[in-house]
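Heads up, the next two complexes both have subunit A, just with different partners, subunit B and then subunit C.
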Partner chain A sequence: MPETATPIDKRPMVLLTPAFIAIMALVVIPMSFILVYSFYENVDLAVDRVAFQFGNWEQLFSDNYYHSAIWKTLKISVVVTVLAAVLGYLPAYFIAMTTFRHKWLLLLLLILPFWVSFIIRTLSWIHILGNQGALNGLFQWLGLADAPVRMMFNEFSVMVGLIHVFLPYMILNIYVSLEGIDRNLEPAARTLGATPWQAFREVTLPLSLPGLAAGSLLVFVLTGGSYVTPLILGGPSDFLFGNLIYDSVVTELNWPMGATLSFTLLVLLGSVVILYSRFMGLNQLSKAFG
Partner chain B sequence: MGMNAWAFIRFYTIMVYTFMFAPIAVVLLLAFNSSQFGGFPIEGLSLRWFHALFENEAIMRAFRTSFSLGLLTALVATTIGILAAMALVRYQFRGKDWVTTFLISPVLVPETVLAVGLLIFLRWLHMPRSFTLLLLGHSIIALPFVVLVVQARLVGIRREYEEAARSLGASPMQTFFSVTFPLLLPAIFAGALFAFTISFDNITATIFWRPSGMETVPTQIFGMLRHSVSPEINALGFVMICITVGLPLLAGGLARYFSRRKI
Partner chain C sequence: MTRKMDSTKRYEKLREAVGNGDVDRRTFFGLLGSAGITAGLSGGIMTAMAGQARAAGAELHFEGWGGVVSEALRKHAFDPYEEATGNEVVDATFGGENEVLTKIKAAGSTSGHNILHSSGVSWYKRWVDNGYHVVLNEDNIPNLEHVMTAMIEAFRAITPDGLSAVPYNYGTTGIAYNTKHISEEKAKELGADLLLDKELKGKIGGWGGDWANRAWYGALQSGQDPNNIEDWDAVWDKAREHRDLVLKYWSSGAELMDLLAKEEIWVTEAWSGRVAALQAQGHPIGYMDPPNGLAWMESMFVLEGSPIEEAEELLNFMLDPETSIAVAAGQKYPSALDPTKIDMPEEVQNLPAFDPTGKLEALVFRNPETWNPHEKKQGAMWNRVKKGG
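Take a look at the complex of A and B:
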């Protein structure tokens, strides 16, 4: 079919303009303002002075408090990502390979958590792990414990809450890449003499790595940017880097420091995203929406 | 895969699904607990906490705020998102990959950072926090998801239908409203539903953006949580789950019903 040959078609640009303006005004320009604001000077509660000084950055680089928060955030993000991958791979494999007639139901159940309110899913763990929670009730009923076992408001409960909330992203991404694998490959490997485990390890697993990587990136970045989960499920010492930002901006009203910390988090998590996109490209991320 | 290995995988899957849904089921169950404490044990079944909920003026106000915010976010994000998705699906142009990356970039920025950035920008402009800030902010958070969802649906709509209408003498306007728009409706609806849910559920950025005294349902729940869960929160959770899960399920079911009737 002959395309109408206009040299430059302006229509796509017109259609894209509103989105461009919105992203420029609400994301790109504000991001550069964070950097500018990080050089401002905090004078008092909610009072700051236009300046170009490095006080905030010096504080960030010299104070151990911030360093330990970065390490803790990194550690928790890695642990949550690894556990989500371990928990998520087999269910994704099951959904992709099953011959179960109602496979759609398993898929629907996988999407369902995205629709259940984040804060409800988070606080629900108080009902499971808390002193009056289901597990403690079970322990007492079985006679395993006389007094409630403390399982809440520590690093463990924060990680459980984070895994619970982000696990569906992992499963969905692994599932999408497993679903795209040619079904004849594993049997072909078998006919060539591979054991089932070899066929999986040499054929299916490598082909599913893009999904595993996309899921891991999402879980890692989402965990690294969290601050609400530690506030609800953590104790006073269980804070992530995001909590420092929350404290600066919402509690201490120290905006320049909040800007400095925000820019740091942007650079830390942004470099993970850029590293990922260098190797994988960003296309895999959008496949889960197909 | 051997039989034993497959049985193990199935068992593992069931356990993981239990891990995902048991806590939610517990909230749904505890909403009907008549006890004056939010947790176990269950002393009896009652609807008293739903009553308390509907009589709680603060919660009802938060509901109204969340609803209007969600609807307006759906309107704004879907309008902008549909236009952008149409450009991506319908036209070939240079640098399309870059444009796509730019359109999904708001997702790649940690939400906390996005929230602080916009807040600081507004402060520099000497503008106070407002409902409009929440609306614009929620729209930009929802936009990438709307673009991706709508784009996936648009790919399936074939251009031949429009060309046929045009060749039969319809004007571009007529073609759009009687052919393109009806075909777009499911995509528009899917995008709007997504945007509504994202806005209705958002707490991370909302805490930063809301003007003092204004609460959405999630921030209201957050405020009510002081290291213990009141039974009212469970009832509120029940209602929220009914809305955010029930709406899409209902929409999906209706869509399936109508598409079946057409054939």
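Take a look at the complex of A and C:
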């Protein structure tokens, strides 16, 4: 009996092609240009010479200025991620577990801030934390402070701004994870003698970890790439690595150095994504978006 | 009227209005919420409609400094020009010309950029050096004859074959201080060192966007001639001293006004016209130019690839004495028109930095010959110092 050749299913290839082209055109090719540009030489402001030299990379590896910026960026990203995870879990849990009939309304409230410009949302903190802001007004009205308490233009306000902007990403991820958990598991644990806290800690929390991890990855990467928030809410020494890129490209008009720093940031944040993928699997991200 | 105004710009305008007391806090937050929702819902529709509306007549893209300056230009120059010619001026705001240069370089074309409210002779030279200049037909700009010779010559020295810009206004970067907390006597006694007063720590501001501005003040504070700096280390030591006292480096005129008006800061170097605007609004802000304080002149620079004749027509319109004086009064910066040729109203004569001689000899401008060679190295240095380096 002659063997019949199994026809190759071309559908996956066809379906993947548009995404592949988009990633090539919008990510791989532009990043390749940036890598090539990092070897050029900046002769004067806005004047670059085509070259293949390692001056920019040497400067990056030998200059402590850049190393301290990387360290500061990683530190702030970790703190913002941890705080966002802690602050985001409660509302996510509430939305997932509530028996409120119009749950969609709660989710709508969650994404409502996205309707307002990111810059405006960031600037709004000046009216809340500033010397003449709402909080200082409240403190003085309650007699808790005679003079305005300084809460703006420091690392604290930068972190508040970053958490404010990125918190919805964390909540949505955790919510999706919690929503997928079988509602009977916690009551089952209770019938076996677990306290409510034990049931949460040993059943719900472990099962929601993929969402928590996916949210943490997004918040970490987005924070690590930020530069506008520290620019608006930070004081002189509150900056992230992205601010050095802005300085190189826009104020110093030194594109080769800006390209070097951009590629470095890509590698750093890309490494975090690879680590995440190694331990958690990137498919958790797709779950988070339904 | 065509005005490209994004949400941020709208927000800044609103904040200025609140600062002036024109809008109460409750209304402000109401408007803020409405603005967000409106922008979300109507952005796409409005963009499409604006595109159709621009279909007729020539279109000139203007970029300037925003705030009261743009307000004045829109009201006194662009609106009447559009009415008189049928052409349209699309005006937008930049944080600095480096932003525009970055965009043009990234796009590989000047498309969408025609006229810039360009700052200083240094930037005029940079645009020319990068090949983005044009040669204006001065016969098409007869009002140029009213402009101070001293200003025209500064630009003509760079492009002897023809101007690519017309001088438009000038001003100073002096020191603004809150008179409720700092006396005029103290300000005058300390001069540039007022910005280093340790008693004012946390109440001092500074312009973060321009290395040369910081270096100019560092030179004054370290006892050097700003146009002949010999010890750059001493300059940056003073900048570090200043940095450790600073609450916030501001990056736009609107932010400067907001910080001063809200008393987040009590003292900062500041642009004379912005301070005059705050004073006109009734804020208790004093202003002084310390000895050897920094003066600057601005021009309307036409970029290569622009519709030249329409641009020349607009420039001539803007230099018309009636328009130029109205803009000067509105933006609070003296006009480039020669006051010995054109009668200036008292309102303009009383503006900070106004020079009745028309020769500008009393003001100290940045000498591009001594400043430009240091820009690459010292500009990068400032970015480090600003961040704690």
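Criterion: the second predicted complex is superposed on the first by the 265 of 290 C-alpha atoms of A that agree within 3 Å, B and C clash if a C-alpha of one lies under 4 Å from a C-alpha of the other, contacts with A are read in each partner's own complex, and residues count from 1 in each chain.
Rule of thumb we're sticking to: contacts are C-beta pairs under 8 Å (C-beta built on N, C-alpha and C of every residue); 3 or more make two chains touch, one makes a residue touch a chain.
This one's a predicted model, so the numbers in the text were calculated from it and none came from an experiment.
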Could you look at A:Phe94 and tell me whether it touches subunit B, subunit C, both or neither (first, second, both, neither)? first
Among the partners subunit B and subunit C, which is in contact with a greater number of residues of subunit A? B
Looking at the overlay, does A:Met31 come into contact with subunit B only (first), subunit C only (second), both, or neither? first
Just to be sure I read the superposition right, which of the two partners does A:Pro12 touch: subunit B = first, subunit C = second, or both, or neither? first
Taking the superposition on A as described, I'd like to know which of subunit B and subunit C A:Glu41 touches: first, second, both or neither. neither
Just to be sure I read the superposition right, which of the two partners does A:Glu155 touch: subunit B = first, subunit C = second, or both, or neither? neither
In the superposed arrangement, does A:Glu179 touch subunit B (first), subunit C (second), both or neither? neither
Per the contact definition in the header, classify A:Gln132: touching subunit B only (first), subunit C only (second), both, or neither. both
Between subunit B and subunit C, whom does A:Glu202 touch in the aligned arrangement: first, second, both, or neither? neither
Subunit B and subunit C contact sites that coincide on subunit A, given as residue numbers: 115-117, 119-120, 123-124, 126, 130-132, 153, 231, 249-250, 255
Using the touch rule from the top, collect the residues of subunit C that touch subunit A in their complex. 6-8, 11, 15, 32, 35-37, 39-40, 96, 98-99, 101-102, 105, 126, 129-130, 202, 208-209, 211, 243, 246-249, 251, 258, 262-264, 375-376, 379-380, 383-384, 386-389
Sort out for me which residues of subunit A touch subunit B in the complex. 9, 11-13, 15-16, 18-20, 22-23, 26-27, 29-31, 33-34, 37, 87-88, 90-91, 93-95, 97, 109, 112-121, 123-128, 130-134, 137, 153, 164, 167-168, 171, 196, 200, 221, 224-228, 231-232, 242, 245-246, 249-250, 255, 258-259, 262-263, 265-266, 269-270, 273, 282, 285-286, 289-290
Where on subunit A is subunit C touching in the complex? 42, 44-47, 65, 69, 115-117, 119-120, 123-124, 126, 130-132, 150, 152-153, 231, 235-237, 239, 243-244, 247, 249-255
What part of subunit B is in contact with subunit A in the complex they form? 1-2, 5, 9-10, 12-13, 16-17, 19-24, 26-27, 30, 37-41, 79-81, 83-84, 86-88, 90-91, 93, 99-106, 108-114, 116-121, 123-124, 136-137, 139-140, 143, 145, 147-149, 151-152, 197, 200-201, 203-204, 207-208, 217-218, 221-222, 225, 227-229, 233, 237, 240-241, 244-245, 248
